[in-house]
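Input: one structure, supplied below.
A, B, C and D label the chains in the order they appear, each numbered from 1.
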């Protein structure tokens, strides 16, 4: 056994995030960990990586007991981790981000040219393309994810922890990543893979450990299981199939006409985009991240201004208006990045949940705290958000639970138009089912939804029409019936049908 | 953890800090060759020993509280306003001018003078806010620099056009206000004036405002994560101007009541030497920008100062050692006791973007 | 409380001595600032200590950290039942005008400004007379017809010196050009030095320091570039006899000493004492007061003799020196 | 006061800006690792004092400077320990350390030299004033560089070295990384605290040099409060220069020249109070041209939060 974690317990105050977990990893194995949001997956990995100290339990590496006081020790022990949330230096170049900690150069000098070369070689070796000279903050999330993985590979890790690595990747990128994992494991590297996507897990994992409420509920070999069994182990029940009713679309709730944004390097970021969303209709937007989706959403919601073109929400021209005014005209928005746009980490769960509702739930300028409390605790129940209390600081929610809170908040704005950007990013399959159900319910109630997702299955499952974005343009439009993964994939890559 | 320990635990830390601070101060006293117990006794007496000293401490705390509250409010909204000194100077100057030159009954002049102080401090502050919101001029630098400009400008006015020529005319100061304009004392014969009541009221109002009101909510969210606030429809520009006005207005009020309640004229340098501005900012930071905490921290800091004066008057421990003890006490109390704005910011900063 | 031992021999006059335990008179000197960088306050403290030893009284000097603490310190001194409370400068005027009438039985003194109350003795100086002499000295001695003033700050009190200086200089040398620069503070010798260097580079061969501790910077510039300078308040020609050639004197120590003396000998009266050249309260080294430092040839005995005549004329009232503070 | 600009002005400006530049570089190091050091003033004051003490007792400027460095390092270690290990608010610590430095220097002035206000000794020799042989005779450069202390040259050298350290060395790269995103830095095994300590201690050393330039370079004496607000100006220069070595140098130059210029404006048409405002007003105006990052960029970079 390469790695053996025995009886790991981690307590935060009175709350136990891990309760007596046993976990093992063989050399060259891909071992997946699955489980509901807040089950304690990330916590377990942070313990292994030396970022948290276990309350009790032991870790053995190659049979020798180890205890990592810091990631430095773990890295030296040959463990690398790709975190659920990026650990990058946004203003640095990609090459710098990869080589940090073990920079090339003679003596004290940092040889940046050599770093670029090294990274190029690394890309070659593992078949992952990045531009070493590009600045991280202006790279697409998919690229940033690759940087994270390359960084770990560069560190020469033998055990590689991947915490929800595919959350931001497009299907093609996912495929590439899974291939790379398989290749590397053949070369002798071992992987711990955390994912909510059971198909990926079943594709690459040799073994699967299922966690629930901080404890192991099962360890299964790949051959002996299927998605149904896994999901039962995870959520403790069967998942129902969604049924999508047919609805005749009504009024236009969103009309984007000829919207353009100039880019910095000649190429426009958005190039004459036209989109219409009608009441009771889900319009999906597919595309490889970095093709203008983020900017499109920012322009629609007033977070950025277009250089030309017009935008109307519920028939009203809202071009140039502030976010507040656009929201008042009938927009709700599940943001693509929950920490940047979706939450205030230092605020309480209640305060984070209140945003957008606060102008409604007031009397004479004062908040109606009772109403607010019952509203938010309603969401906590409905979406089974795991939180200590409503007064818990938002930063202590696990990624998926925060996502659910944000989704609940925006769904409840009750507007005729909703932007849902990556609505199920990082949530477990049970929660995904709930969120999908709620989105379809809103559709039936006559809300128009613009769904942006890198998850093609999600797009195909929910959309009435699908638009594909490529290089700032709408490269194609397909009806729900016509759309298939293959066709979308072709359009997304810049091809034509 | 039972309720009892939950209640006492947060108190334990500051009490322990004060204890350690006193111990460190004792070493300083010993080195200076003073009597430790006597020195601390005099320090206590200078701050709280008797009605006169107690009210004097509160009176000294008054401008500190108001400035601290102003700073705390701006910090809460995420705007690092370090311009309290200039804002206070303008508030004080305007109050003095209104008090001197406005005709009418004393009480009315006094009220108008207070309002003028708030408005002047607020406008001076909002100017920096506007530069930031409109032209992206770094608020931290501009507020810091505008202090110098304000102090010099006010200094010019009272050294030349508005100089007091009634007395020895040796000072750069305005004439003295007529005593009909003075803020009434709370207890006759004691230094404490109505300004203190205003300060306590302001603390309570801000406390409720932040906790319960829509504006307060938006302020807190803006301070926590401006992008989230923007996303939710909080308008940063107007909020910034509003918060800066409010913050500077409080500092201006601090200056105004100091003039109308204590000094009765604008004296060049008097507000700067007393270091009200930095003390107020320190109070806000010590209290993690909590309004009631700021109130308490301000009184504590004022007590350290008045206590230090007591030590200077009644013992052989030199003035400097008093200052050293004060500084040491503050250092120890700041340790871990604070839930600070900057630390919080550092914490946020460290998490990178989300997947 | 210090002061010097010995048993009491005081004849005690003045009212208000209601102290309990000992029969020694207790006298407090309440200063508006920290003694720190201003020689003026240090001198008062010295005068008080000296008087304490000579007249067997108990003394205490109370420094104020900032203007807001002045009144408190004054009130506390009253509450502590000192027999005499000496205050100083215009900075304490306001506080004294409040506190003195409330305590009509307590004797006060204020030095350097006038507070016209029945229980206050005021002592003032005619520094402009000494400044006139200094200016005249500069006007006579300069070879370049250019002299400088390095002034602490542009505040009214400093104009008392500058105006006197200018009048004196012009009176003996109408062509003299006077450079004036302000340091912008009382604690910045580095800046004061730069200003003196600048004035020298523009041709000034004599620079008068009027910048408290900044004067040390002026002296250093003089030493470095070989020009001449003067100090203030106390005779600091000893600092560097080759370059610091004059000092404008102000006898605050003597005045405090006198005050304590009068009080302890029972001659205390509540009036206004005005010290100028005539009374020897202000002066200029070599002209009105001896100096341990030998006279520098830059000034020379000839000039000193001329200055003595001017001094006599001022004393005699033949020359009227403007007091900038009274101009309005 | 006809000639406003002349070579002596530049010469004077170089002298005057050196302490500010040195302290501002120290401030830049601190702010790069997320510690906003308002204690520069106190550090510098203590440096000025201990340099004079060292000079007096060792009779040697070199040892004097080493002594100042040692003393201020201890002082800055306290700053580091409180704000890094004990999680005290850096600004509170900075303000309190300023007060502490003022008290300590005044107290020690009396305890060591038995004087109040100022210590001046005729026999004390300050820093050497270099007149470099060949350069001395070059027309324009000669007067500009006349009689500057080694610390003036050193300050610019340090700025250059800092640039090299930040942008050319491995350690400097990690230093910047630790400030840019401490959590990410920790996750790749960088000892963030070590860099934070390093930054604070280095700023202590730089402030000791700044103080020495003030008390042994510009003048040869110590007076109470002789830094007279230079630490705060340095803080402004730090921020204006966006904590980069070159920016900070440029900002300090701006300040030095504006200060020297404002002196020459004295006595012209404007009242002194207004000429004294000149450096501050010009700096504010300068900021209209060197735009700050927008709060959105700022907040995005920080993953959330505003300045």
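Throughout what follows, a residue touches a chain if its C-beta (ideal position, glycine included) is under 8 Å from a C-beta of that chain, and two chains touch if they have at least 3 such contacts.
No experiment lies behind these values; they were computed from the predicted model shown.
Ranked by how far their CA centres sit from the centre of chain A, the chains are topped by C. Averaging C-alpha coordinates per chain places the centre of chain A 45 Å away from that of chain B. Taking the mean of the C-alpha atoms as each chain's centre, chain B and chain D sit 27 Å apart.
With centres defined as mean CA coordinates, chain C is found 76 Å away from chain A.
Among all residues of chain B, those that touch two or more other chains are 155, 159, 224-225, 227-228, 230, 323, 344, 348, 351-354. Looking at chain A, residues 86-88, 90, 339-340, 344-345 sit in touch with two or more other chains. For chain C, residues that reach two or more other chains under the stated contact definition are 154. Chains touching one another, given as pairs, are A-B, A-D, B-C, B-D, C-D. On the side of chain C, the complex with chain B involves touching residues 2, 34, 60, 62-69, 71-73, 75-77, 79-80, 89-91, 93-94, 113-114, 154-157, 160, 325-326, 328.
Interface residues of chain A, counted against chain B in their complex, comprise 84-88, 90, 141, 145, 164, 167-168, 301, 303, 322-324, 327-328, 333, 335, 337-347, 351-352, 354-356, 358-359, 362, 365-367, 369, 395, 399, 425-426.
Within the complex formed with chain D, the chain B residues making contact are 32, 78-80, 131-132, 135-142, 144-146, 148-149, 152-153, 155-156, 159-160, 222-228, 230, 236, 278, 281-282, 285-286, 318, 320-324, 326-328, 330-331, 334-338, 340-346, 348-354. Taken together, the chain B residues at the contact with chain A in this complex read 212-215, 217-218, 220-221, 224-225, 227-235, 344, 347-348, 351-355.
Contacts from chain D toward chain A in the complex involve residues 168-174, 177, 180-181, 183-191, 299-301, 303-304.
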